[in-house]
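As written, the chain order gives the labels A, B, C and D, with residue 1 at the start of each chain.
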Amino acid sequence: MDDGRNDIELDALYRDTVLDHFRSPRGHKTLDRIDLTRDGYNPVCGDRITMSVKLSDNAVEDVAVNCKGCVISVASASMLAELLPGKSREEALRLADAFKRMMHGHPPPPGLDIGDLDALDGVKNFPVRVKCALLAWMTLIDALEEAEKKGDAPDRSTTTE
Amino acid sequence: MSTTTTVPVRTATPIPPKREIASTREDFPILKRMIHGSPIVYLDSAATTQKPEAVINALVDYYHQTNANVHRGLYALAAQATDKYEGARAKVAKFIGAAETEEIVFTRNTTESINLVAQSWGSRNLKSGDEILVSEMEHHSNLVPWFLLAKRTGAVVRHIPILDDGTLDLSKWNERFTNRARLVALTHVSNVLGTINPIAEIAERVHKHGALLLVDGAQGVPHMPVNVATLGADFVAFSAHKMLGPTGVGVLWGRRELLESMDPFLGGGDMIRTVSMTDATWNDSPWKFEAGTPNIADVIGFGAAIDYLESIGMNEVRRHEIELTEYALEKMHAVDELEIHGPADSLVRAGVISFNHSDIHPHDLSTYLDRKGVAIRAGHHCAQPLMERLGQNATARASFYIYNNREDIDTLIDALQSAGRFFGRR
Amino acid sequence: MSTTTTVPVRTATPIPPKREIASTREDFPILKRMIHGSPIVYLDSAATTQKPEAVINALVDYYHQTNANVHRGLYALAAQATDKYEGARAKVAKFIGAAETEEIVFTRNTTESINLVAQSWGSRNLKSGDEILVSEMEHHSNLVPWFLLAKRTGAVVRHIPILDDGTLDLSKWNERFTNRARLVALTHVSNVLGTINPIAEIAERVHKHGALLLVDGAQGVPHMPVNVATLGADFVAFSAHKMLGPTGVGVLWGRRELLESMDPFLGGGDMIRTVSMTDATWNDSPWKFEAGTPNIADVIGFGAAIDYLESIGMNEVRRHEIELTEYALEKMHAVDELEIHGPADSLVRAGVISFNHSDIHPHDLSTYLDRKGVAIRAGHHCAQPLMERLGQNATARASFYIYNNREDIDTLIDALQSAGRFFGRR
Amino acid sequence: MDDGRNDIELDALYRDTVLDHFRSPRGHKTLDRIDLTRDGYNPVCGDRITMSVKLSDNAVEDVAVNCKGCVISVASASMLAELLPGKSREEALRLADAFKRMMHGHPPPPGLDIGDLDALDGVKNFPVRVKCALLAWMTLIDALEEAEKKGDAPDRSTTTE
């Protein structure tokens, strides 16, 4: 039976890897210590994310994410949860930056391990969905920058608009 | 290009021939467009409607033949532009059964019409502790102006909740409508649920206590016969772009004595009678509320939209929507994965169907459908409190107008089923 | 009708070929019209300009190809409409040299732009006794909003008088600009006298005392190169319809940090971030100030007008107007019965010439000229305080734009002379 | 030499009778007693009129008018000043009403003496100028109606818009 797949760009948006992350999102867990926490919200579509980070030294030891939203935002959050543990603050930000640039059509720098993120490469052909893919990453950036500013930031949530 | 010898007081617009609703599609050039290789199936008319060639031509003709600023010029073009602009006001008045042409104020959109009342009526008439009653199904445009007004005046916004079937919970009326209530601001038709609210019945309750009723007519006036003489409202707001007209035109209808008693809205040219270096006096309404150069061309284009709708007849528009809605509801109920919001009876609902798919987020659904040429909306539909009530972050929404037909709905259903297979694949 | 395979982030508009100003006339279909048997000579561009076919076509194309509501839809049409709408914002920003696209707010007209500042900036920043300084040559649209604000806040409106030559009497500056002054609201170019005010010099005086400067750019931006990065103003307001664009679109440019610090203007859809049943949070500027469905088609049409103006070049637009104004002033000075208002030097005045005929009331003159196809304005030009100062109930006014030429002025002069004979007959 | 007259409608607007009233307006005088007075203003063009009426019994004994404005408004005011003395209140209002209807294309009732007013017949082809012709007459109507209401009317001026 026809499974609805006859459109190359659509297939490239919803790759099996992406659907797999959506169906079994990584990072749904409870951390034994939370150093950073932040909410993200995409007001255009109502997608919401909560993110908690456990730090050790200057590195992300573990991440918990819970994203309620579309395939793209959930998959992207799941990939983030899979990729991040063990990365230094700088590596995490470099990754976020590379992913942002990917969404605007620029390939990631050679040598950077982007894990499953390349499965989201097809999003760049759907500009209105780029915000979905970025929700988790913008939330991460804000969380890390807030930590830098040592918690005196009043704004505890990220919106993508 | 013709020679003008006299300036007619009122430009006689030729009445277009009666249109059969089944033949209207060909009047809409955009419907011939292909989207991603498929013919477009436009199911987002609740957001904005497409425009018939007659409306587009009215704009072109205006800029080709008559363009000039209105109300002040003495030369032929200016007089003709003024006649056409004021002629469109008369058409709107007649279309909604207003007692007088002067009860029609042109704004940018429904949103501005509601803000106008909030500022010009509200700031003058509300005191701290007074109450404004809205409903849980309101569009942001019929909520935020009242929040802003409440902040300025100390008034309080209360709301009528809705029942699970998507209708107002009028059993809460007595609890929510206290003797401090001064205004009820209610949508005629929900842009999410399709619910048609019982305006006449509510108007009676409101007026019994000397309060006023503002009706958000954005989804009502375009879709069914609305006669303000019998509706029971004191103000009605609606948008041209949701009823075949150009973007950039809204209407506020208000009872004459109310409009006359209200403060001006924005200050500037055209809304004044006299201006000195320290003060000003106001023009009569509706011009008191129309500051600066109005959106002349689009108001005239809106007049052409009304001619077009009248050539079909609003009863026919409504009949067609009931028929399509019934057909769509039946087909959609047959798709197991769909949860459909709003009233089940198509006689008390308009051609707006919001739904959720058990396995597919509205965004993914909308992206998928778009690839098949089907344009639906996904999101909160500017009704976040209602989303909260429905327990959804977002819904998908299909909405219909005169140019939609059963084949559009068949295509929608096919695409929904194909989406199920696409996202359900392992 | 083309098949869309991808949704481009920014629709690339083909840059129109460079236009020679002498050949622009043929781009304006209305100029082929006959009025009372004579070819139209349109000399009322200060009221509103005519539109080139490129602008009219942009509207038609939009409604034929792309019409959908913006900012919310995920389907192809909605994405394309949003790109075009926001693309026009970027064009406007570039056209006036704004630091960021987000500094451009779309309104209905200049009048609304000024009211926006009066409400959103004024209500928050003015206290009783604070002062707003205007000039004696302001259009009502740059007076009445301040009167209304003064009434709400207890602020006081003072004014700078003008000299007999139609320029500001800056010798009165120190007397009128006290340390309670918070805002100066001044026109760039007088719509009656044609006077070009020395904005940069005034900006310096204003900012030295920590006040803000709002410039009414309705007659400035359309007629000469204006760069907000060097102009010195904090806010600039102007209208699309006075610069080849459609009716129904205005612009407010404001410095980003000012816009961000301001309260919202109207409440409703699109200007919010979140809404609950009791409160709301705001979107970023400029969207915070654009409530409800915007005038999408006309904003896109305005983008086409800017492309067209840029294809000529604003230096060339200004050069052409200086040349025409010099020619007209010379010819008009030769008609004994005419009293010409405003500065004599065409380098400090724009292409707006107000005048009175010793024997003929402006109304009669306008009616007579119209019969010869010549459209001029007669009246107070929404500047009653200035009329008072000039000692006139009304003036006649001829104003020029890119499509006018020397023959238009010759026709005007002939008609003025013929009018003298007509009304002077015994 | 060409006197600019080659347009039938324009000639019908500016008849010699009309120009004559404009050049030598009647009614510029001082009344020995003023029973009613009222100002009129046409905000579109700035034309202004002041009108004083001397009544005896229920009739207009004399009228003084001073109109600053265009040919049409001045001539119309002058014709009013010429026609009105001796007319009863009802006759005056009937005349005003007939003139208003004339301006909208309806001929005056047969038998009604309208004096020079028929020279203003050409105004009806210039709808934007009708207000000019009516300024004096609207002011008169308001003055008489105000008198009826015995002076408690707060609004002392007439505008045509």
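The rule is simple: contacts are C-beta pairs under 8 Å (C-beta built on N, C-alpha and C of every residue); 3 or more make two chains touch, one makes a residue touch a chain.
Owing to the predicted nature of the structure, the values given are computational and were not obtained by experimental measurement.
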Requested in this report: Report the inter-chain centroid distance for chain C and chain D in whole angstrom, where each centroid is the mean of the CA atoms.
Outcome: 38
Requested in this report: Could you tell me the distance, in whole angstrom, between the mean C-alpha positions of chain B and chain C?
Outcome: 30
Report summary line: Per the C-alpha centroid definition, the whole-Å distance linking chain B and chain D comes out as 46
Query raised in the report: Which chain A residues sit where two or more other chains touch them?
Result: 9, 43-44, 126, 129
Query raised in the report: Got the chain B residues that touch at least 2 other chains?
Result: 5, 36, 72-74, 78, 272, 274, 363, 367, 378-379, 384
Query raised in the report: Among line, ring, star, complete and other, which best matches the way these chains touch?
Result: other
Requested in this report: Using the contact rule from the top, write out all pairs of chains that touch.
Outcome: A-B, A-C, B-C, B-D, C-D
Report summary line: The residues of chain B that touch chain A in their complex are 36, 361-364, 367-368, 371, 378-380, 384, 387, 392-394, 418-423, 425
Query raised in the report: Given the complex with chain C, which residues does chain B contribute to the contact?
Result: 1-5, 29-30, 32-37, 40, 42, 44, 47-48, 50-51, 55-56, 59-60, 63-69, 72-78, 108-112, 114-115, 118, 136, 139-141, 143-145, 147-148, 157, 159, 239, 241, 246-250, 264, 266-272, 274-280, 291-298, 363, 366-367, 369-370, 374-379, 382, 384-385, 388
Query raised in the report: Which part of chain D faces chain B closely enough to touch in the complex?
Result: 9, 41, 43-44, 125-129, 159, 161
Query raised in the report: Which residues of chain B touch chain D in their complex?
Result: 5-7, 9, 71-74, 78-79, 82-83, 272-274, 283-284
Query raised in the report: Which residues, counting only chain D, touch chain C once they are in their complex?
Result: 1-5, 7, 9-10, 13-14, 19, 43-48, 68-72, 126, 129, 132
